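Before I ask anything, let me first share the structure, which is written out below as structure tokens.
Letters A, B, C and D name the chains as they come in the text, with residue numbers starting at 1 for each one.
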Amino acid sequence: MRTSVYRFFTTDPADVSGLVRAIAEGMINPQSIVAIIGKTEGNGGINDFTRTLAMMALSQVLATHLDCRPELVEERVVLSFSGGSEGVAAPHILVFAVSGRAAEQAYPIKRLALASAHTRPFSAQEVGRMAMVRETARALTWLMHTLQVEPADVHLVQIKGAMPALDSATTENVRAEHLRCDMAWSRGASALGVALALGEVTESELSDDAINRDWSLYSSRASVSAKPLLRRSEMVLFANSCWWDGDLVIAHGVMQDIIDVPAIHAVLNQLGLQPVNGQLATADAEKVLAVFAKSDADPRGHIRHRRHTMWTDADISDMRYSRCVVSALLAGVTGETGIYVSTRAEHQGPQGGGPVAVIGYAS
Amino acid sequence: MRTSVYRFFTTDPADVSGLVRAIAEGMINPQSIVAIIGKTEGNGGINDFTRTLAMMALSQVLATHLDCRPELVEERVVLSFSGGSEGVAAPHILVFAVSGRAAEQAYPIKRLALASAHTRPFSAQEVGRMAMVRETARALTWLMHTLQVEPADVHLVQIKGAMPALDSATTENVRAEHLRCDMAWSRGASALGVALALGEVTESELSDDAINRDWSLYSSRASVSAKPLLRRSEMVLFANSCWWDGDLVIAHGVMQDIIDVPAIHAVLNQLGLQPVNGQLATADAEKVLAVFAKSDADPRGHIRHRRHTMWTDADISDMRYSRCVVSALLAGVTGETGIYVSTRAEHQGPQGGGPVAVIGYAS
Amino acid sequence: MRTSVYRFFTTDPADVSGLVRAIAEGMINPQSIVAIIGKTEGNGGINDFTRTLAMMALSQVLATHLDCRPELVEERVVLSFSGGSEGVAAPHILVFAVSGRAAEQAYPIKRLALASAHTRPFSAQEVGRMAMVRETARALTWLMHTLQVEPADVHLVQIKGAMPALDSATTENVRAEHLRCDMAWSRGASALGVALALGEVTESELSDDAINRDWSLYSSRASVSAKPLLRRSEMVLFANSCWWDGDLVIAHGVMQDIIDVPAIHAVLNQLGLQPVNGQLATADAEKVLAVFAKSDADPRGHIRHRRHTMWTDADISDMRYSRCVVSALLAGVTGETGIYVSTRAEHQGPQGGGPVAVIGYAS
Amino acid sequence: MRTSVYRFFTTDPADVSGLVRAIAEGMINPQSIVAIIGKTEGNGGINDFTRTLAMMALSQVLATHLDCRPELVEERVVLSFSGGSEGVAAPHILVFAVSGRAAEQAYPIKRLALASAHTRPFSAQEVGRMAMVRETARALTWLMHTLQVEPADVHLVQIKGAMPALDSATTENVRAEHLRCDMAWSRGASALGVALALGEVTESELSDDAINRDWSLYSSRASVSAKPLLRRSEMVLFANSCWWDGDLVIAHGVMQDIIDVPAIHAVLNQLGLQPVNGQLATADAEKVLAVFAKSDADPRGHIRHRRHTMWTDADISDMRYSRCVVSALLAGVTGETGIYVSTRAEHQGPQGGGPVAVIGYAS
């Protein structure tokens, strides 16, 4: 088995020309596509319809090749888009394909492995609670088992967190203030599920009360968004595996705060890449194929004891600012603006910081 | 003579408590203050009144100590504020004071020297034309002469460009489309004036036509904003001089594009500072006292052949984005968020890039 | 012949459920659809992809019924979306269908008639010049002839103005400053084309110089947007005709400035509707089926000698403000928030004002 | 006693030239000024410093005339500024002065009377609770008694609600989630205090639980903002009194939803003004001297069963939209853009609506 990653820079959210051409030229076998993850130029907010547009356009392309109706494409391929290409970030899509057959014996070097799974459907009452933490952990553990990887081999778990519709029975029986069926809770519980499965926290440390409250508990590898009306959480696991072949590897690290540049260097170093005067030389920049990060403007209002104004600006959301900052730093260090930063990082890295993962060509 | 720089982080644009206390405690002699430069948390646009507020608050404080009416303070002290602390930038003010007497002989090591000057008043027809270029160059040349510094010693020329009111005679006699009395033209001509005085361009390369058109001509040390209704341009020259004493030095460089991190490293290196894993260690970060830069989102729409969306976002101005990006990079490298980035950099560095200057303690 | 108009309020830009259901239930014959005009909840700017999304979603629906590929739907049905539902405006789509056969003799009462046409393709050099004015007028004249209506019967001409791509030959031969191939010029020349065809201006008053300069020249019935890369302008003519049957009529008027409420009353009066205490009673509000207007924040910065701040707000575009204001006034008077306001009204009503058209049930 | 109202349109938030001139010319006696209420062109959010700027500029002017330090001006004159002149609203200040001596017997006609008061200081625990409701009601009752007016004579109670700083004792003893010391709670409890004093609600209907929850309880005359760090609430009472003389009267009404134009007509009718075709004729518009309203985008997401998008726009705050809408409607009806609309109307009118008050010349 091997993972291939194709990166296409887009001219707008509906631009699928790169993928269409790659399929037409035989470079990509549409049957092999497992996931498409992309960054669109929306505002990342509730009224960001660039994600819908990108997914609709891609679904139409894939439907033809997978011989299914467009609305069924998502049952076969994970489509995950994050809006917001603030600052230098270049809108792009990453197509992840898996090909080849299972290895009969382990390779000497670990290479990028990839698989996706769903949790079971959640009820509205479970979201943001231990039930969601545990089920997320269970699904991830199963996925690791399937891929034959250890927690230490896992470098990124990209999750679209469930947020089921409220039915009238629920809203009658549960006082609204006790429900946690919103995006922040879905993200927080999902991230702790990853932390639990990867051994970053122990179950004894966890409780309903700890979720979105005890920020000392976090995963260094979870990257979670939440999607209204989604019943089951979707996850894609990225790991290095000795059972996988190919020329790609992944590494990760954690920015301790929003200007933690050394953490970015450390991730690149794991890939054998060494910035010179703070930035990868061109030849090395070309070895970087995908950069993922989560961002957050520190809610305590300070960065290294200095005030920041990302939360007090009534005109521009802190979300847009934090994505802009983190993608600038990642682009500054890698010399490449094809950066994927998504925001709101509850239990994904420490408060005010966040995880970073980079996929590159093995040196 | 020696320059002292005091940095005060503010809680809001009207916060003058740091300066008030420093004067009360005798740390700063108000008579010695030559300039106050600051970053406020406004939007940096035409309706950014945080600058007015900061200047009004400071004028009230200084008026008491200088024994003049608040509205006359600006005749004695340059007050220059830039709105926009997007992302990580911490709003702050920098108080520049000069004390001591002229040296009788040169010191062995050059230290930060500082002086301010005005051009003569401009007519509306002169703005954005060679008349403005030449007069700006003349005023700067005179200032260098006064300070006994060579062009190579100059590291930053902070200018507030004139933009006189249009009188009715002007608007009757000159067709509106031939007038250049706006902010962009004032900045462009002022910057070329600096470039001319510093020998970065020759007079034969310059013409009315070249201004805001031939972007190969630029200064690496000009930092210009323009101010409506200002009749004379104000400038503050920052240089290293062997006739000045003290513990501060200044260095500069040019970012060739908006993610040119190596250029930032090069400036720090001149100050004897070496980032480790991309960032100054804490002890070194504390040696950095002031960071100035100009920013621009490349108007050609690309950064290193990748598309950026800073100009096509109808909700957020490219100005806010570019300041956010450059201050993130400067904070990332220096480990310090007290960064001053101002935007629109016509002839200030190459198109899409911009100058950077850093004041630090001499090692 | 008769025109039917169906209004569907949408839950998001991709919501086509209303139309799908109406077709499934036999209420709308998809073959009879001539145009779909809608308001989406984007920002109305260059990065507003809600229009693309709405059109992609509708094209998929219509493609099935018209038995053509989705990308060919626009050759048969005019799809025209305007982004920006600021304030009270409710996002909605209006489906215009034409059915029945040509009348053999005139009806006693005029009813809503409707037809669409294209201009010939324009070159980039023609945009914003008399060539575009004349060709727009020619196409509209032909359309009036086809529909057998007089200029006085025409109440709205909705145009998507051409803005062809620049080829390299053009940009080499024509100095960029002489080209008018942008949105403002396309709108201005198209609107004057309407004014010319409707006899609102005479050809002798018109010239290349008058376009987007002499604001005393305008149409009271043009509603123009411009679309990058469109080679031919598209137009939909709305008129009352004695050759058409049905229960719908249209009326129009001109707001002389952005708070000209009496002009709105006058339009409603033409439809036999009389606001009570400034607003239509519920039963009368239900007789209003579609409300169209163009808006502009007066570029002179004043409304009835009072300053407004729509142009000096660096955070929010004047376009968003003016749509918000005009839709609030129209909703206030009609008691109905299903309002279509689009902005930038060069030669569409007087400067700072704009045309209004209302389709209602005949009393 | 008589109330005089002077309206000055400003060129920017620091523009005090109108007041300065009026004082210099003897038109306004500075000793007679009771309150200055104004609208500035900020964003109305937490980082809107235009209010601070306006108050600083006015305090400097008044300090000279009242012979006190600028920071003490607010102890003698209520300065109340609301940021946000979205859409057509013209930034302006209203200077309220009281002159003359107490009448010995009642006049035959009631005229505008005005007085200000403070509550006692509140603790952080009291904010948003019945203690605040009762003390606000007590202060208002006392003020009515002082002015010799009945609840039915009261047409506007402008309040700046207290929001004291949290001391460490408080935050230690009270679990954060039980504290209500924020702007929404301060506004809600203050408004219910007005409702209680005016007999619009009974004390038995009120409880801690009802505050900011039972929206059927509201005042039709409260207009409340909240100010961080304010220890006592400030209030200005506007009434018609038979003990007051002059040529001004006030009337009020309640918009039941955000497009309730008939409610605006009803208020004008009370002043003897009758819009023609939906708008006051010029001569009548000039009789309107001040227009106050509170606005809110209906949090239920609908206006008359149609969806609105004011809450789902991640780029522009619902607060800016609702002010833009309500000021457009008020300007549309009165023909005057000098409108004061402030947003967030908890218990000030019904949910999604809000109170309106107009001061005009007696006919």
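Everything that follows uses one rule, which is that a residue touches a chain if its C-beta (ideal position, glycine included) is under 8 Å from a C-beta of that chain, and two chains touch if they have at least 3 such contacts.
Each chain and its UniProt protein: A, B, C, D = Cyclic amide hydrolase.
Model, not experiment: these values are computed from the prediction.
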Common touching chains of chain D and chain C: A, B
Maximum centroid distance from chain A, chain identifier (CA atoms): D
Between chain B and chain D, centroid-to-centroid distance (C-alpha), Å: 42
CA centroid of chain A to CA centroid of chain B, Å: 40
Whole-Å separation of chain centres (CA-atom averages), chain A against chain D: 48
Set of chain B residues in contact with two or more other chains: 41, 43, 47, 309, 312-313, 315-316
Chain B-touching residues of chain A, taken from the complex the two chains share: 9-11, 41, 43, 85-91, 258-262, 264-266, 275-279, 303-304, 306-310, 312-313, 315-316, 320-322, 324-326, 328-329, 331-333, 335-338
Chain D residues touching chain A - in the complex, by the definition given at the top: 43-48, 309, 312-315, 317
Of all residues in chain D, those that touch chain B in their complex: 12-14, 41-42, 47, 49-50, 52-53, 56-57, 60, 70, 315-316
